[in-house]
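Below are two complexes that have chain A in common, paired first with chain B and then with chain C.
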Partner chain A sequence: MKNTIKQVFHSGKFLVGFIIFVLILAICFIYPVFVTYDPLEMIGAGNFYKPGTYVSQEEAALNEGYTLNMDASESRLATALGVEELEKMQEYLIKYAGIAEKDIDVTDTEAIVELWQQNYNPDMKAKGLTSAKRKAYRRLDASIENAMKSSGVIIAEEDAESGELKEAKTIKGTGYVNTKDIVNKRTFILGTDNFGRDVLTELVAATKVSLRIGLIAGLIATAVGLILGLVAGYVGGVVDNIIMFLTNLFTVIPSFIILILISYSVGTNARGVMMVAFIIGLTSWPWTTRSVRSQVISLRNRDHVNLSKLSGHSMFRIIFTDILPYIASYVVMAMILQISSGILSEAQLSMIGLGPATTKVATLGLMMNWAMQYAAHLNGSWWAYFPVVIVIALISFSLNLMNTGLDQVFNPQLRD
Partner chain B sequence: MADQQKSKQNLTDRKPCLSGRGVTKVFGVGNKAMTAVDHVDFDFNEGDFVSIVGESGSGKTTLSKMLLGLISVTEGEIEFQGKPRDISSGAKRKEYWKNIQPIFQDPFASYNMFYKIDAVLDDCLNMRGFKSAPEEEKVRLKTEACSFVNLKYAELTNKYPFELSGGQMQRLMIARIFLLKPKILMADEPTSMIDACSRATILDMLLKLRDEVNMTVIFITHDIGLAYYISDKVYIMEHGKFVESGPAETVIINPQADYTKRLINDVPKIYEKWDLDTVARN
Partner chain C sequence: MKEIMKKVTALLCVGTMSAVMLAGCGSSAQPAATAEPAAEEPAAEEAAEEPAEEEAAEEEAEPAEEEAAEEASTDEGSTPRNETLYFAGQQWGTINDWNPMSPNSNNAMGQTQKDTARTLIWETLFMYNSMDGKLYGLLGKEYSWNDDMTVLTVKMNPDAHWSDGEPVTADDVAYTYDTHVKYESSTGADYSTYIDSITAKDAETVEIAAKLDGGKAVNPLKVTAYLCNIYVMPKAYLEKVEERNGEDPDKVKQDTMEDLVASGPYLPYMNNDQKVVFIRDDNYWGQAASMWGKLPVPKYIAHTIYKDNAAGQVALQQGEVDVCQQFITDVQKLWLDEDLPISTWYDEAPYGMTATMPSMFFNCEKPGLDQAAVRKAIAMAVDYEQIIASAMSGQSQTFDELPRCIAGPAESDRAYVDIDSLKDLQWKNKDVEGAKALLDEAGITDEDGDGIREYKGENLSFKAECPTGWTDWNASMEIVAAAGKDIGIDISTYFPEANSFYDDMTTCNFDICMWSAPGAGPMSPYSKAMFYFSEEYAKLASNWSGNFGHYMNDDAEKILQQIPLETDEAKLKEYYTELSKIWLEEVPSVALMYRPEQFYSVNESVWTNYPAADSGNNIPPLVCTDGYGIAALYELELAE
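Now for the complex of A and B:
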């Protein structure tokens, strides 16, 4: 036993898969210790806030602040004027202001803005300058004007009695605030979702729930498959025929269809997380049964089984001591695959809206479902679905890698 | 040698132990039906050392499994101690298995590799009713059984089967039989996976078992020379049928069936040129 475990951990593939899986599991348990927010708290008031740190506007405005000799307009200009805008300005200056092309340097934003301010005439009329174009230039001018503005903002407070506005503070272009001075702030590393919930916290909670669904579904599928496979393979005869008839029935009808039908017929009210795990487990056992049965059939005529029979051992004892240990490694491998496919099944079911019907917990599939329903993929809110996809892929990748590693350890033909 | 002569003389006086009439085993049905054992009759008496000789695929192992009660008999009847054998229920089967035990061909496959060899010996003690015997008594019995086959129990205890050599494993199987002392021993080519030196030891032990507890030994082999040296009675099996049977000397010195002659000719002799002309070419 000790040696087997040692051997298993010598397999590079198993080790990589194991480390990824353990890391995911560790994050699921350690993250909530440090981040104690409710994962489903609707903190944002709108859809899909992008990732970043959000600081209180009021606090930032009323903060004493610091003066930095850094011209804010310059970087604002840089973000306001893209390559397209700069090309538009160049076109105007050449065509309508008569400036030679060699005097214009498109890469130097400051110089071109200076030229623009000297030469732009909003009322100019020229051939080829349609009104649509003129309006576009006016908009461009306005945005430049806006970016250049550094006159300062006046903060006013309303007098409680008279209702008059009194100047409280002036904010200059060189005024800065240290984010450490602001008490009310929150960082959304992965932004918020359609309900305004912190995606990262939600993702960690969802991963935990999905792993639980996978584990329960995998355990049920393996247990049912193992018991039926052992009985069918060892007892044989009529019992084998009946069990194989059932198994073939489930194999012929795609289990995903059965899954959808059961999930639908159970009804929305009953479809909790546990129920979904049970449904997945009870529809995915057939292939475990088939493979366990064939392994048992090849074992049941071995001499050591015959000897055990002749020693007067009961059927259960023979199954548990003379057959089960020989297929144990195979069963463990099958269970790992069942867990992985359980997680994927949940994601698939939830994607089409037949997953756990609950707003109390999140699962990876439900997060995908929400992101899809609120068109996150269309409005560019990648943070609402892409991290979920990555986590699902990582879990099933690590489990499959562990399975391949185990296969190489237990199946000498695959050893290199 | 004198003893052996004597025992051979009163072969016919012995009580019948295991006999069969028209025993048949057919595998599969319809077009795929394959008759492995085809209406064989036999009478094994108490204390007989019987050899069943035949080439690979002649149905020897199938017959032995039927006799052991591991597979069902398609047709025919097997009698045990003069009465029809009844193994219809689990309890009856258990009772029958107290009287018949096997040694298999492959010692490496005969052990459950997940359990220490003590488990095999303890099973025998439980079967003989020593389940609640004191530990010292159990150890004494196990030590005695091991020393019967020239093994030291103290060295073997707490070892796993794969830590033993093939010869040791097969000897331990004989120790198991020594503990169980069944009326019939079914030895299915027990020496074919063992080197020549260990083979002699193992055969000697089987003979000793027969002499000590008057055990009926059914020895299945493909080696007719070996059968001649050790057995009282020989049954020659070809394609599921017994083509010849009788006392070992009669059958081998005066073979009647062509198949027996061929088998005898196929045995390589040290001082003669090996006549390969009789080798079946089909």
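Now for the complex of A and C:
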């Protein structure tokens, strides 16, 4: 046994797969220790907030702050006016304000801004000036105005009694805040999803749930497949016929269709994590049964089995001591594949809205489902779906790699 | 050693192969991308060929002729982009008929009879304008009630004529109504409760006599609504349809009417499973000075049939669609981040002109939900601001900005309610503590310690349902379910296929369901009051109209009966305020968000001068086709 394990860990493929898998597992257990937020809490009031750290505006404004000798208001114009904006201004000035192209120097920001301020007319109506363009120019004008503002924003407080505004503080262009001084902040490493939930926290919780579903489904599928395969292969005859009839039935109908039908008829109410895992497990055993059976058939006429039979051992004992050990490595490998396909099945099910309930638990498939429904792929919110895809790919990649590694160790034909 | 050599050669092989493949892909990527639009065109052409082929086959023409016919129709089928206005979000399948009496028409693009009816092909007597709440003349010129509100007289526009050149007369109006009643179409069944008869006094005068109850009209509002809801069909054509179907009610209602004679500015041009196209009728009567004085600008109206919202949105972004009636997540990103020439009614949130209230109905016959305390507790615990910010993507006012009342978000309707007097009845957003206290007070507590409260020994466990794929509604229901978790009521979501949802909703076979209140119309806010309270609706065997949860309140019912007959504004205000009070106290249903009548985003890469909030021409954002919104078609200009 010890030797086998040692051998297994000598396989490079297995080791890589194993390390990836253990890392994912470790993150699933360690992350919640440090980050204790509820993964389902809808914290952002909007769809798909960008990844980053969000600091309290109020606190930042009221914070004592530091003075740095770099005036933010000076560089504001430069940040507000990129190449695109300058081109837009140029286009407007030429087309709608009638200024000759040679009079506009795009490289001189100050000059073009001056020209713009002299010539921009927000109520301008002209052929080709669509309302989308008009609105874009208005926004551009507002951002220039904003950037041109001389430094110093006044913060006022309302007097509780008279309702008058009293100047409380002036924020200068040279005023800065150290983010460490701000207590009220939250970092969303992977942004938020359509419900405003923290994607990373949700992703970790979802991975855990998906792994659990995969594991339970894999165990059930392997157990059912193994028992039926052993019985069919060893007993043979009518029992074999009946079991193979059943197995063939399940093989002919695509298991994903059975999965959809069962999930649909069970209803959302009953579709908890365990139920989904159970359903997946119960629809994916047939190929394990078939291969275990064929292995058993080739084993059952071996000499040591016949010897056991002669010694009067019970069928139960023969199966467990004389047959099972010979196919154990195969069964372990099959189980790894079952786990991997269980996770994928959950993702597929949830993608079409037949997974567990959204408000009760997070799963990888559900995250994909909502990201897709809210068109994250169309509005550039990659953080809502891409990490999920990566995690699913990594899990199934690592499991398959482990399987290949095991195969190399146990399969005499592949052994180096 | 041998092994290693083998591996190395294998690796080399794979490496070179993939390098070759990559190179191949790289060089072919460019032409493939440019080939895409070209590949699409033949598909469209092929589609356009179909009807021509059929015709040709009928005529048993010579192969050469057949080819010629095909070619001709190919040229017609793909309409020039700068003469075609493309839509998305209206039509989701191949059109099944053109019959306004049809019980199961899916022809949303061609015919939609509602307060703001779609008048591209068929026309109504008047058009409703949700901007000012007034009716504008179309086939009818003016209308007036007699003094005791029993007879409504409509003067027809003498210029109006059908697409075959015959004039539109009062006779046609009367015959259309009689046909609806005779064959018991849903229109006939609905209006015959309120309208006694429609008669032609002379060629240009129609008299609509209201059904009377004790000398007074049952519901004069509903009679007025007929003017802008129901299409007028030509008598001669209807007689032809009746004749060919042997006056059999089912056959008449299911006649596809592909040979229709209508009065609208457009006629069916082609349609199949990919595309619907209407062509302008250059003889349209509306170019008379008494109506528009000109023809609508786009020669063709087209609607590609998209697989889903995402496909429609991509087409809008690429400029293949001009007017898009779809919910778009973070719509502002389209112009802020992607700098596309796309705009909406308002430039800032809520982006659209809100008019309706998608609302959640509680089944008041269900143990637990028959308790006002339970209903109100759920309503109080819901995070509406989250629904509006995330499920609705900020495209609605919040309930702080526009406090709840039965009249909905429209300014003109809210004038009927004394909003200030409702202040004490409003609840604050996500008031979980308040909701818990309310339940505790009502003695509905968790006795067995499983975290779920019981009522009469049974766990409070409900299903919140709405059709699958209605994204913003699905997300709203999820947020409602989350609220249930906070206050110890088990709410799970259930998203069946639309048809089985309809079955559940119309037969009161649900716990919590969601449906949208009627939008602005000549009857609002009365239509909304009916939607939330009508006992009449609740008694219908198949109820599509409102009060799905069968909430019975005699006080409310009495007010509902008095409103249509009341003309005193102050009294009306009292009534609507009282109804709003009952609504907020008893919570038979609760509005989850505000929403525009139609989503409306336009891409200006081909057409421009669409109505917008700041265009000041009194045209509502009803996707350029509905009610008075169709006036937009006469204002469009080519962008460049």
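Methods note: the second predicted complex is superposed on the first by the 344 of 416 C-alpha atoms of A that agree within 3 Å, B and C clash if a C-alpha of one lies under 4 Å from a C-alpha of the other, contacts with A are read in each partner's own complex, and residues count from 1 in each chain.
Criterion: a residue touches a chain if its C-beta (ideal position, glycine included) is under 8 Å from a C-beta of that chain, and two chains touch if they have at least 3 such contacts.
All values derive from a computational prediction rather than experimental measurement.
A.B. asks: State whether A:128 touches chain B only (first), chain C only (second), both chains, or neither.
C.D. replies: Once the two structures are laid over each other on A, A:128 reaches chain C alone.
A.B. asks: Where does A:309 make contact in the superposed view: on chain B (first), on chain C (second), on both, or on neither?
C.D. replies: In the superposition, A:309 contacts chain B only.
A.B. asks: Looking only at chain A, is it chain B or chain C that touches more of its residues?
C.D. replies: Of chain B and chain C, C contacts more residues of chain A.
A.B. asks: Once chain A of both complexes is superposed, is A:33 in touch with chain B (first), chain C (second), both, or neither?
C.D. replies: Neither chain B nor chain C is touched by A:33.
A.B. asks: After superposition on the shared chain, which partner residues are touched by A:359: those of chain B (first), chain C (second), both, or neither?
C.D. replies: The second partner, chain C, only.
A.B. asks: First (chain B), second (chain C), both or neither: which does A:195 touch?
C.D. replies: second
A.B. asks: Just chain B (first), just chain C (second), both, or neither: which does A:238 touch?
C.D. replies: A:238 contacts neither chain B nor chain C.
A.B. asks: For A:83, is the partner it touches chain B (first), chain C (second), both, or none of the two (neither)?
C.D. replies: neither
A.B. asks: For chain A, which residues count as touching chain C in their complex?
C.D. replies: Result: residues 40, 42, 44-48, 84, 127-128, 130-133, 135-136, 138-139, 194-196, 267-269, 353, 357-360, 370, 372-375, 377-380, 416 of chain A touch chain C.
A.B. asks: Help me check something: in the complex, which residues belonging to chain C touch chain A?
C.D. replies: On the chain C side, the touching residues are 3, 309-310, 313-314, 317, 328-330, 333-337, 339-343, 347, 383, 385-386, 389-391, 393-394, 461, 463, 468-469, 471, 474-475, 478-479, 481-482, 485, 492-495, 604, 608-610, 612, 615, 639-640.
A.B. asks: For a test of understanding, state which residues of chain A touch chain B in their complex under the given definition.
C.D. replies: Touching chain B from chain A are residues 302-304, 306-314, 321-322, 325-326.
A.B. asks: Which part of chain B faces chain A closely enough to touch in the complex?
C.D. replies: 65, 68, 70, 90, 94, 97-98, 101-102, 104-106, 109-115, 120, 123-124, 127
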